[in-house]
Amino acid sequence: MAGKAMARQAAEPLIGQGLMARLRAAREGSEALCAPLSDADQSVQSMADASPAKWHLAHTTWFFEAFVLRDHLPGYQPFDERFFYLFNSYYEHEGARHPRPRRGMLTRPSADRILDYRHHVEAGLDRLLAAASGADAARIGELVELGINHEQQHQELLLTDILHLFAQNPLEPAYGEGEPPAGQAGPVQADRWRSFGGGIVRIGHSGGGFCYDNETPAHDALVHPFRLADALVTNGDWLAFMADGGYRTATLWLSDGWAQVQGENWQAPLYWQEGEDGWSQMSLWGRQPVDPRAPACHVSYYEADAFARWAGKRLPNEFEWEVAAREVPVRGNLGSSGQLRPLAAGHHASGARQMFGDVWEWTASPYTAYPGFAAAKGAVGEYNGKFMCNQMVLRGGSCVTPEGHVRASYRNFFYPHQRWQFMGLRLAEDG
Amino acid sequence: MAGKAMARQAAEPLIGQGLMARLRAAREGSEALCAPLSDADQSVQSMADASPAKWHLAHTTWFFEAFVLRDHLPGYQPFDERFFYLFNSYYEHEGARHPRPRRGMLTRPSADRILDYRHHVEAGLDRLLAAASGADAARIGELVELGINHEQQHQELLLTDILHLFAQNPLEPAYGEGEPPAGQAGPVQADRWRSFGGGIVRIGHSGGGFCYDNETPAHDALVHPFRLADALVTNGDWLAFMADGGYRTATLWLSDGWAQVQGENWQAPLYWQEGEDGWSQMSLWGRQPVDPRAPACHVSYYEADAFARWAGKRLPNEFEWEVAAREVPVRGNLGSSGQLRPLAAGHHASGARQMFGDVWEWTASPYTAYPGFAAAKGAVGEYNGKFMCNQMVLRGGSCVTPEGHVRASYRNFFYPHQRWQFMGLRLAEDG
Amino acid sequence: MAGKAMARQAAEPLIGQGLMARLRAAREGSEALCAPLSDADQSVQSMADASPAKWHLAHTTWFFEAFVLRDHLPGYQPFDERFFYLFNSYYEHEGARHPRPRRGMLTRPSADRILDYRHHVEAGLDRLLAAASGADAARIGELVELGINHEQQHQELLLTDILHLFAQNPLEPAYGEGEPPAGQAGPVQADRWRSFGGGIVRIGHSGGGFCYDNETPAHDALVHPFRLADALVTNGDWLAFMADGGYRTATLWLSDGWAQVQGENWQAPLYWQEGEDGWSQMSLWGRQPVDPRAPACHVSYYEADAFARWAGKRLPNEFEWEVAAREVPVRGNLGSSGQLRPLAAGHHASGARQMFGDVWEWTASPYTAYPGFAAAKGAVGEYNGKFMCNQMVLRGGSCVTPEGHVRASYRNFFYPHQRWQFMGLRLAEDG
Amino acid sequence: MAGKAMARQAAEPLIGQGLMARLRAAREGSEALCAPLSDADQSVQSMADASPAKWHLAHTTWFFEAFVLRDHLPGYQPFDERFFYLFNSYYEHEGARHPRPRRGMLTRPSADRILDYRHHVEAGLDRLLAAASGADAARIGELVELGINHEQQHQELLLTDILHLFAQNPLEPAYGEGEPPAGQAGPVQADRWRSFGGGIVRIGHSGGGFCYDNETPAHDALVHPFRLADALVTNGDWLAFMADGGYRTATLWLSDGWAQVQGENWQAPLYWQEGEDGWSQMSLWGRQPVDPRAPACHVSYYEADAFARWAGKRLPNEFEWEVAAREVPVRGNLGSSGQLRPLAAGHHASGARQMFGDVWEWTASPYTAYPGFAAAKGAVGEYNGKFMCNQMVLRGGSCVTPEGHVRASYRNFFYPHQRWQFMGLRLAEDG
């Protein structure tokens, strides 16, 4: 993913210390995520939707090399010309690429050599940023900003992909070391419903700071009065849905969803398993008991939609969600918490709980272009725009989203059958 | 498909002569469509998306039997109990059913026996409608109205499915007898662009007459200023797109669309073939030369979207289309023309040309529920609502849509890769 | 299938009345088989392995047209040039052909037109046979003989394919009219085992009369002493195998067979179904109770092999079977019985029972070339030779094999997973 | 694979130093093969037919643990109970197992932990062998012998699987370090044909030493006079076949073979690629030019069969091959040569060249049981017997077969479409 909306950093010098520090933090963050992983862990691809950790490390580096250094650093020597082919993800403008479902075949280059690649590119970026000036510096600053955000996205993907890989292994290894940190204690307070009036609202990103092109242009949208639950649907709620035959009741489901349920024999969220001691779920902490107070997670859009129908509610659309999210600070159980799993909601504060972090929230909105949307020119224009079909918008970030990455106008998107991200839901109803 | 919005026939007696005449016309119309078809033609299923003609004849009959006679005609004896299983399409409320991809295995019941079935049910409807009174009559009238519209939809499907079947046969048989009737003569006049201001508009069905539930509730929507081509994209336009490498240029396509193009090796619209005399296309009149003046047809959403991008335009969304369509009468090259193929646009009149008939027009709108939408209770609630995912809205009817079936608020929907319906496009741009 | 071994009719004039009568009988026989079938029944293809009845009628006609008339009748006008493409089965020498899995798309030509085609070709054959003389007559006689045998094979296939088609239909139509004729009455007598000494035996066709090329050359083979059951494995035996967990015991199965059992969830022979009244099986007489005295039928090689292992026996190899079959006359429950289903074995006579007719008997022999085998030159050489891989030999003919078609040296062959032919087994053990 | 024919070591003490030394050599040999491989190289599975190197290391260890230590070493503590599930390959007697196509998901246990597993089991074997006595010692000796041979088979598979994996990687890494050792110099001498008379011959293993159960029982077979090429078909021969349109000429191919050629678009042996400098092939030494003098390799049975037909010859059957092989010593370009690739034949000596080593030679014989064959009791009986269907016999060993593993009666077997082993062919004709 990538974008155009990057000319919005007026307050700071074009390539300031802030950007360079954030670049360094992002780069180091990715490496740090791989510390608990072996060479093999980093190399295997568990399904076509997922990528090896090593590939994430290399692809985020390719991004800087192909979009920043190759175009802007005079005399830059690529680390290895063949990596342009190996680590391009989906950018048609950048030429042919290694097929996505075969990323796991790349046992070479080794993990070590990919670290060398990373450092080679980082050295180039250091040289470039130190020297950039004038109009080019503005463009470079934008691209580096984009690259940082891109790297953050892949940090999240790296963790979700590792969870998927480890879940395929009967040994069920844990990514996190030791016991998971204690979460929220005490009873969960019941949901409250928050009411919002309708009317014309401003949607999308405006004001300063980075955003992706798919959040633009900011535009007016008409919202009808609605009510929104102030917390996420929990595992306890989900167990009630299951106990009531949710996965066996065709009339609760979209037609495509029901075909999926039948075809895949879904009977619970992804990673859940029933044993003698009840339900457990595979997590980044290995297999753990299902906590009824924690948010339901790893459910598809089809499941979220069926659950809402069963509950007599509906999913919010993305405009409703954005209206509500603007009122609360971007705080919550994000990646920096180190929890690596969604947590029970806290006690009522003034605003909605769990709007940011814990799980990405499925909305009822298909992922489409905002009115007046135009993709950026060139390769970076492929970041978001060409995916605007067949996917649904999710909002709010998750427990593995890097701090500072998400915002109220942020639009994530996945296919309605996908479940391996940290995905859950919040209910809505007409106001 | 089916609906709830049926309590809107206040002007006429509850079950009046008009309804009965239209019922008879619809029923006879379906039979008439099968006159040129052999028993074999009516029995074979050419792909999972299509159904045998005989199955269409039986299923539309099942609809009246299952939803009207069984519930409302005291003492009704089903023609054959097993037909409830054989000819249910997708109604989970109605129980188990014969799998869709295996509809072509039903060489029995014979075509003759299905006609007997039809007449048995029609006799039941005659008795019921003659006797109905009171509150039940209103409900019966609604259901019969729905059944008529349902039958009309299947008349269109029957023709598109027969075209698909005949296109699989190297002999390329024609459905229509003799030469196709002459279409529009003379040169095609260039497109004009019509401008529309933005603002809050009323969308969906209101006022009298039948509509499907997915056209309701009527509601306010915000439309931004836009311009709309006054005619459809033509085969001539499409040939230019092809000549310019449209099918080989990845960057014109949505990501899923490009995967489809590559996976299926698409190089032209469905049914097109290049020969020594240029391009021809299979049609209900057998193989015919591609007429550059006629509308492009049998293109997927992916192709329509890529074409619009190539042309520097976009597809209209469904609200824009509806705003423009309300201004013109529901007239055009519909099924009653006997043309059985899209025709070149006529000369400029005051309003948009070809808004109704010729080809269904892909819009940029994913098929979703209108705000406040609630599916009808029970089986008829499955008519439309459960398909509100992964499909795109098309508007306007086609050259095989029965007269009187379509209207400005009418929403058709197909998956973005599908091409076998009479589907084309009209361009739009921001105003 | 077809062959070379055709220069063996020395006793009769080259194209004698016998040949012409048999030709006429074969041709009329095929048409007669279609009498109970509608146009739709004759047109639908129920799976890629099966062909529509209409296609069988046309292909057997194509065989005479392409191999006899086109090459040998001066001035012959093909009925329709396009039929050479439509009705070629698999002869690469004869050029491109309609893909096998799409034979069911050919609703046209109609059944009537295919009868016209048949009669056109028959008239040509009449002219040719009346006039043929000299060396050409010998070759023509051979080819006509081959064509008759070819037509007989397709008569059997036509019936097995119709059974498969009707078995896909929940209405389970019967091909035969009325009740099935009574079979063998009285108790079944227990198997006896017949012993055969080993040694060098002559295998393959020698002496007069027609044979296929795959039965040649006659050659010596070494057979070890063996014993052979004098009757077929029965449904009663099979029920015991099932009751003993045969379909759930991995160690009884070949590895590929077990994968098939698991992948297809096989729990009984094809067409069997368990109901409140026990097991029944779909047949050419519709659904009928499983008769424990009748031979087990519609089992794959994998099942036959597993059954034999369960029984502590083995399947005979094809040489053993041929040695035993030579001792008994070619009589049994063949197609001419009108039974259209395998029957219980009669009482003991001097030789083996059920060697011919009832069911084709799986042998332990992979289908390979006999030593010194050479396929005939040209297209007819493709009849048998190119299938000599991955298939297993079956011997003895079935209840739908035309009278006069089968003999002791006759080699049929199918893939080990196939079940839709009338296939069963006889046990053997080392002597 | 595994066997029964193991009671044939009368000359040496039951568990002698010879066996222990060979066990140690086999175990060390496997580890040594992995020295050039990273943890990732050892963990990825490149297709369902192949297994990760790490899995080979673990499975060969499981074999000793499950078949020897668990049953015969009192008080043996398994290294990790879960490994019985993870590293069972296909032994139904040993219970459930990790699905074959998912062996590549096991990034854990790590390569190091698998070495610990190996050493744990080796320590157990040391204790067992030192203490074994009496009747049990004989059985243990047999099983250890089987385990050594099993380990040798997996050494060959490990190399062929690594080649396959590296061939999926666009970087085309080499397994061998540096340049490949020089092979045979000088011109290749033309083939000579060696003649063999027919008659009854003894086939299968007899006399002392280890063999697999599928080589037994030794039995008489009838062989017809034949002639056999004294060297393998070369790449030069293969290039001539290709130049003559071999891959485009349907009539050269078995029907299933032609379907494979078309479906997979085969145009050359596996791993071949045409570039500006002609044809090259991926090898354990990375990409290397195709040497026209070296044996053709990585061809399927279908290709071997088509080549032979094109050449006007045929493949030998396995009895013919065995008759010829008995005359020559078991010497050749086997794994111990370090060549890791097939080499050009040397100059004529008295007997056939290349009978052992270089490439496994496809025979015309389907893999079936010898007369009187009975699989061993229990799990080891699954080693060979259950694969006796759908596969073809190959003879002679290859350039990666461990020294001492192969013999004249040795039967290898693969499916006719498989190509990733070191497979080639030698021609034969009737004598």
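All chains are identified by letter, namely A, B, C and D, in their written order; residue positions are counted from 1 within each chain.
As a working rule, contacts are C-beta pairs under 8 Å (C-beta built on N, C-alpha and C of every residue); 3 or more make two chains touch, one makes a residue touch a chain.
Model, not experiment: these values are computed from the prediction.
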Chain separated most widely from subunit D, comparing mean CA positions: B
Distance between the centres, which are taken as Cα means, of subunit D and subunit C, whole angstrom: 38
Geometric centre distance via CA averages, subunit D-subunit A, whole Å: 47
Interchain centroid distance [CA atoms averaged], subunit B/subunit D, Å: 60
Graph class of chain-chain contacts, one of line, ring, star, complete, other: ring
Complex interface listing, subunit A residues touching subunit D: 38-44, 46, 54, 82, 85-86, 98, 102, 104-111, 165, 168-171, 173
In the complex, subunit B residues that touch subunit A: 90, 92-93, 200, 219-222, 224, 250-251, 253-258, 301-302, 305, 364-366, 368-369, 371-372, 382, 386-390, 416, 430
